[in-house]
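Here subunit A shows up in two complexes: once beside subunit B, once beside subunit C.
Take a look at the complex of A and B:
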């Protein structure tokens, strides 16, 4: 792990814990946006720019704006406490889950290991890398998988986004967006 | 309906939270053109570089949200008509379905883009088919839904007895 990666992991961990602990919702939203930005940089460092852009645009951008808009319509509880009181049974349950998940980490292949199954398997990853340009004529294999090889799935996703917009109108009992 | 009437009927409580700030206005004026350009670039160039229409559409939508934050939600809502947002969302889904059905009309499967090349003779038909659903479909849907979510959330719950 390089110093940059280490710093980012610590930053993401601290902001994640702070998001859970801050009592003031506005502070929690701002720290959560910082967490998303840290994750986006971490994805970039791990050479996943498509995921990083989604995290930066959706996680740090749109989600924060929608959350800010939501709390602007609520009243802030009057309290001088900086942090939420820690709920001990909850902390124990979350720590136990984290421990169980962390036991799987030593068995995961190293970052960038060419023998890792996710990279070396000939039927999925290597197939797309070798055939994408000949099959579709585009250079970004991620786009090719989303729009061509799995086009019907992406159609389903697009309709889900559409349905989410409609559902919001239904829940808010409105007939117009703007 | 006249605009003045519209704004009166929608005189909801949120617009009194707006505070005009020179810093935010100037920052948004500077950043918005670049953000919009970047969103368009991601959408239009997503086939050959990282990014794509989902991210691009989100950034295009966020540009409108930035304007709303800087200039106030209610003036932005007045400027942006509901038909534009609805048109983006419904038009995007229609274009996506349209491209899929077009390949079926040509005798293939849903979204079988290569038929644009083999039957209609469009060079690089697969690539252009993908661009059509990315730029004409996903980018419009995502941008429209984010703008719509923002204004719908800002307007809040519509109670019985009020005008829609």
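Take a look at the complex of A and C:
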């Protein structure tokens, strides 16, 4: 873990805790946008610039706008306290889950280990890295997989977005059948 | 025996169950820091979904949960000392040290599905607010019992 990664991990942890604890929804949304931005930088450090750009645009951008629109259309409960009170049963349940999940960490390969199965597998990752340009003529392997190898998945994704748009309009009674 | 390295510290450390265990565990977690971060952030998101009475904050918690899972995928794709997944044009024999593109692609898909989910969830919240005049889970439950 480099100092930059350590700083980012601390930053996302602090902003996540602040998001959970702020009673005022507007404060939580703003801190969550900062969290998303920190997460986007962490993705960049972990060599995922495509994911980072999408996270910065959608996570920090569009999600924040949707959340702000929602509290503009509804109400923002008047907050007398700065922080929410701790929900003890929820905290116990979630801590138990976190402990169980953390016991699996020592069995995972180290972050960035070239021998890790995800990266070293000759039939999957190494195949795509070595054949992408010959197969598709695209240098960005992420674009190549998204648009060429897994084009149908991306089409399905577009269907999901369309369905979500339709559902949103129907729920909000904004559909016009004229 | 005679060549005991730290005779002063030994009685103190002897009280601990395993002297070499603790630093090794810290080292283990430092090299796998991303996974530990994922599990902690995921738990914070789940806590928000359980504990917060405000529906908008539950949606924020769901988004927090999602970004934690995205970090898991991105961390598995990372390779130390590599580059971002851009391959050179000329045929290169042997292994290229670039991050695995496949987890990145699945995360891109998941981000888009996640924003769709958020949009529908928030639309439902607005509808609930116009019908019942509240976004608080407990108040909503009381209102629905009274009906």
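The criterion applied here is as follows: the second predicted complex is superposed on the first by the 175 of 178 C-alpha atoms of A that agree within 3 Å, B and C clash if a C-alpha of one lies under 4 Å from a C-alpha of the other, contacts with A are read in each partner's own complex, and residues count from 1 in each chain.
We take it that a contact is a pair of C-beta atoms (placed from the backbone, for glycine too) under 8 Å apart; a residue touches a chain by one contact, two chains touch by 3 or more.
Please read these numbers as outputs of a predicted model, since none were measured by experiment.
After superposition onto subunit A, the partners subunit B and subunit C occupy separate space and fit alongside each other. By the touch criterion stated above, A:136 is placed in contact with subunit B alone, subunit C being left untouched. In the superposed model, C is the one of subunit B and subunit C that contacts more residues of subunit A.
In the superposed pair of complexes, A:36 makes contact with subunit C only, with no contact to subunit B.
Touch criterion met: A:58 reaches subunit B and subunit C at once. When the shared chain is aligned, subunit B and subunit C each come close enough to touch A:49. Touch criterion met: A:148 reaches subunit B, while subunit C stays clear of it.
Once the two complexes are overlaid on the shared chain, A:74 sits against subunit C while remaining clear of subunit B.
Subunit B and subunit C never share a C-alpha pair closer than 6 Å once the two structures are laid over each other.
Judged by the document's definition of touching, subunit A residues 49-50, 54, 58, 62, 66, 69-70, 73, 139-140, 142, 144, 146, 154, 161, 164-165, 168, 172-173 lie at the interface with subunit B and also at the interface with subunit C.
Remark: subunit C residues 25, 28-37, 39-48, 50-52, 54, 56-57, 59-61, 63-64, 67, 70-71, 74-89, 91-92, 95-105, 107-109, 111-120, 122-127, 129, 135-136 touch subunit A in the complex. Every residue of subunit A that touches subunit C in the complex is listed here, in rising order: 1, 5-6, 9, 12-13, 16-17, 19-20, 25, 28-29, 32, 35-36, 39, 42-43, 46-51, 54-55, 58-59, 62-63, 66-67, 69-71, 73-75, 77, 84, 86-87, 90-91, 93-95, 97-98, 101-102, 104-106, 108-114, 116, 118-119, 124-126, 128-130, 132-134, 139-142, 144-146, 150, 153-154, 157, 160-161, 163-165, 167-168, 171-173. Put simply, subunit A touches subunit B in their complex at residues 49-50, 53-54, 57-58, 61-62, 65-66, 69-70, 72-73, 135-140, 142-144, 146-148, 151-152, 154-155, 158-159, 161-162, 164-165, 168-169, 172-178. Every residue of subunit B that touches subunit A in the complex is listed here, in rising order: 13-14, 17, 42, 46-52, 54-55, 58-59, 61-62, 65, 69, 77, 80-82, 84-86, 89-90, 92-93, 96-97, 100, 110-111, 113, 124, 126-127, 129-130, 133-134, 137-138, 141-142, 144-160, 164.
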